[in-house]
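Each of the next two complexes has chain A plus one more chain, namely chain B in the first and chain C in the second.
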Partner chain A sequence: MVTKSEEDQLNRLESQVDNGGGGEWEYLCLVRKLKVRRPDKVLKHGLAILNDFKKRSALGTEDWTLCEQVAIAAMDCQCLDVAKDCIKVLRKRFPDSKRVGRLEGMLLEAKGLWAEAEKAYSSFLEDNPFDQVIHKRRVAVAKAQGNISTAIECLNKYLDTFMADNDAWRELAEIYVSLQMYKQAAFCYEELILSQPTNPLYHIAYADVLYTNGGIENLQAAKKYYASAINLTGGKNQRALFGVCLCTSAIGQLSKGRNKDDKESPELQALAVAALEKDYKQGAPDKLPLLTSTLKSLRVSS
Partner chain B sequence: MGSGELRYEIAQNAYIKLVLHALKHKAAAVNGVLLGRHSDRGEAVEVLDAVPLFHSHLGLLPNLEISLLLIEEYYGSKGMSIVGYFHANERYDDTELGGVARNIGDHIFRYFPQAALLLLDNKKLEALSNGKDRSPVMQLYTRDSSKNWKLVSSDGSNRLITKEPSANVVLLDYISSGKWHDVFDFDDHLDDITKDWLNPDLFK
Partner chain C sequence: MAEDLVLDTAIRDWVLIPLSVVMVLIGVLRYFVSKLMRSSQNPDAKLVKEGQVIVRARNLRAAANFIPPKSFRARRFYYSNEENGLLFVPKGQAQNAQAQMFSDPNMAMDMMKKNLSMIIPQTLTFAWVNFFFSGFVAAKIPFPLTQRFRGMLQNGIDLSTVDVSYVSSRSWYFLNLFGLRGLFSLILGEENATDDTQRMMQMTGFGFDPSKSLGAEKDGLDIVQHDWTMPKFERRAESVLRKLVR
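And now, the complex of A and B:
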């Protein structure tokens, strides 16, 4: 997961490189570090370096890392010939490498040869049952074929062993959300929050799932998690601010006619509304009247 | 008149905006809403505009609710309402209309019974560069009497057309110039409110 400042930095570098201002290697390293998916840019700029003898020699031994990065980007863009060439070169340089073997497996996936890919991965796992990347490739193979239940099964089994893999928990949560299995998604986000309690994005995702699941207890819990996200982000995250408004309105609707003592205090919502209006006044002033009247209608219905 | 003979006419800008949005996020499922109204003689639904919504966590309610509230408020003052929903699946060969799309469609149906669900047709999109087809690269679904979303067959029925016949030509042009970079959806807006989900300058 990438923070806004990291993404801004990446985008700045990207437009610098696109406009011929140099910095290609820096850009490619940042893409690798942040683990973002920008295959068309990586392919274009990475290949330019690889094909330029001077630029490539300047990298020293790092050019093999670049070769691997370009191979994967090429597969993502379905430029399978480029990928094949990169992998051939890597295989020649590292004849016994399992890492190159992984790339060969991915090439089979890119070609849609699922059975062969699965066979390759299974044999890798026989030699080394703790290869995390290969386990996850098998999940990818299942997902790509549309066998979502197999993917879920594989991921759950993987997480039984490698329960600290946050990327895997996030992937599982997203699969559950796409299938509208909200209780299971909530469980994944709970694991993520336990693992990284100060990451506001997990608090917000968890609150989103609780809200979607519905019911007054879930809504009250969701409101708490939106509030904690506001706390963690210094009130700068609009999703959390909107979340608080929605929760207050929904809780108000559900508790109409109930005991007045159960009524929530309106201060949190008022503060959230004020924060949103301040942000919009500064960032999107033409949308401010629209925002104000929409939030007002939310308050009226609560 | 039931949805049986109703035609759906989508304006070029709305159509292109939705496809470009899908192309911006090739590895994800995306969705959007269709805005418009009944035609004057009532024989068609005119889709005059579209707003791209999300490219992640499509199945979650809070952001959807906020976006629909803001969109309804904005377009209501312009005499339009939400008349349908657009969805593009994550995988190339997934041609099924999934649960999330159907649920959102059901919600829109409650307020506009002639609502249309449009599903991106990846194979048609890929074949677009062959240049012959003028029909939209989307499949049309409408609600039938048994409350199910049924695929409207495109064989010669022309129930879904673009208002401007050269829409696909323009779309191809935009695709080759990488125009999808400039499309902002609601997800982008929630991450950075300076990004405008109305995309006012997209086609200038």
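And now, the complex of A and C:
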């Protein structure tokens, strides 16, 4: 997860670099460290450095890392000839490298030659069955072909061995949500919450899935998780506030006539509504009437 | 009782400092040699999986209160049930881990290499110190010691009336051996093969015994009492919002 200070630094460097103020190498290093995806900027500035002999020799041995970064960015922007050149140069320098082999596989993927890419990756996996990145590339190939079930199968097999990999769990959860398999998605989000219990995003995602799944128990649990997200973000996260309102009204609807057990948090919805109104007044005052009418309709039905 | 021996400054110049310098150089040499000789380890499938299982089980134990009780119970059952729980290791297998480690040729070779790279330089340096630097008083320890240390610290000095604080160069060698660890981690970075004391401690508690750690995780998991914190969070969220709205 990228922290706020790192995000600020990245934005600052980005604006500096865009306005021609220098500091491109710093920017590229930061992008690499934080693993953010900015292919157009990386391509533009990275190529500028690589083509300028003086700047390139100033980097010393780091220019190969830059070459790899530019190759990946070029594939992202579909500039396949740039990518091919970079990879050719890298292959000449490192003839037996698995890392370069992986880049070649990615180039095959970018060209749309799925079968060849799959073959290349399988041969890599035979040599070293523990290469996590190659496993993930295979899942990406399956997903890009639209073969979601194969992707799920591969990902599950991967997670069978490498079960501490958070990114893989996230990917699996998103795939399940896209297929509307909400119970499985809930399981994945639970894994994520277990590994990082103080991350509000996972709580909100889990609550979303529970709410969508429906049923009074799930709704009550969803409300609790939205509340914990409010707790973790100090009440600033609007999605959690909206979630609380929706959950309370949905619970009210489902348990109409039955003994409502609002003893847990009777004021939570009212407070959430007040907080939302305050936020909208500050942030988007022209949308405030829209908000109040929506919330009123929610409250009426509860 | 304690006569003050005046020690020649030449001792400091020609014994203490060269000995330290030589030990530092030998340490650096060993670091580079070990880097050259390090063979890439192919991770064993079972070990990798077990490592990851342990991380996951540990996460479950630590954050158990954040997931609903039903999910927690389902996971606990998944990990520790009798037939095919992830953490469950039948008794017979537990003994084999150690024997397996000895018989596995790759691992035995690796261990031998590491041992050799530690023992040989130590032995050679020790012999060198004894040969060249014995038979005289090298330094004075600033604090008084009892007579029992005499045999250890004064090996070449055969006078029994000399105060135990006056030691021979052998003790300076041992002092350097344990003391230069900090210096090495400064100049060579964190991971260096000269960390003898750490390695010695590691050898006494032998190797990565996965079955024991699995068993420990399973016991820890069985003990955990699930106390769902979410209801508490609801109330706390109320107070947070109340403060915000005011």
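Throughout what follows, the second predicted complex is superposed on the first by the 284 of 302 C-alpha atoms of A that agree within 3 Å, B and C clash if a C-alpha of one lies under 4 Å from a C-alpha of the other, contacts with A are read in each partner's own complex, and residues count from 1 in each chain.
One rule holds in what follows: a residue touches a chain if its C-beta (ideal position, glycine included) is under 8 Å from a C-beta of that chain, and two chains touch if they have at least 3 such contacts.
None of these values were measured; they are calculated from a predicted model.
Residue contacts after overlaying the shared chain place A:139 against neither chain B nor chain C. By the document's definition of touching, of the two partners only chain C reaches A:272; chain B does not.
When the shared chain is aligned, no partner comes close enough to touch A:17: not chain B, not chain C. Applying the stated contact rule after C-alpha superposition, one finds that A:290 touches chain B and leaves chain C untouched.
With both structures placed on the common chain, the touch criterion links A:178 to chain B but leaves chain C unconnected. Of the two partner chains placed by superposition, A:73 touches none, neither chain B nor chain C.
Contacts of A:205 after superposition: chain B is touched, whereas chain C is not reached. Chain A makes touch with chain B in their complex at residues 4, 37, 144, 146, 174, 177-180, 205, 207-209, 211-212, 238-239, 242-243, 246, 279-280, 283-284, 287, 290-291, 293-294, 297-298. Across the complex, chain C is touched by residues 128-130, 160-165, 187, 190-191, 193-195, 197, 221, 223-225, 227-228, 230-231, 234-235, 244, 264-265, 267-268, 271-272, 274-275, 278 of chain A. Against chain A, in their complex, chain C makes its touches with residues 42-43, 45, 48-49, 52-53, 55-56, 59-60, 62-64, 66-68, 71, 229-231, 233-238, 240-242, 244-245.
By the touch criterion given at the top, residues 27, 29, 56-63, 65-66, 69-70, 73-74, 90-91, 93-94, 98-100, 103, 190-194, 196 of chain B touch chain A in their complex.
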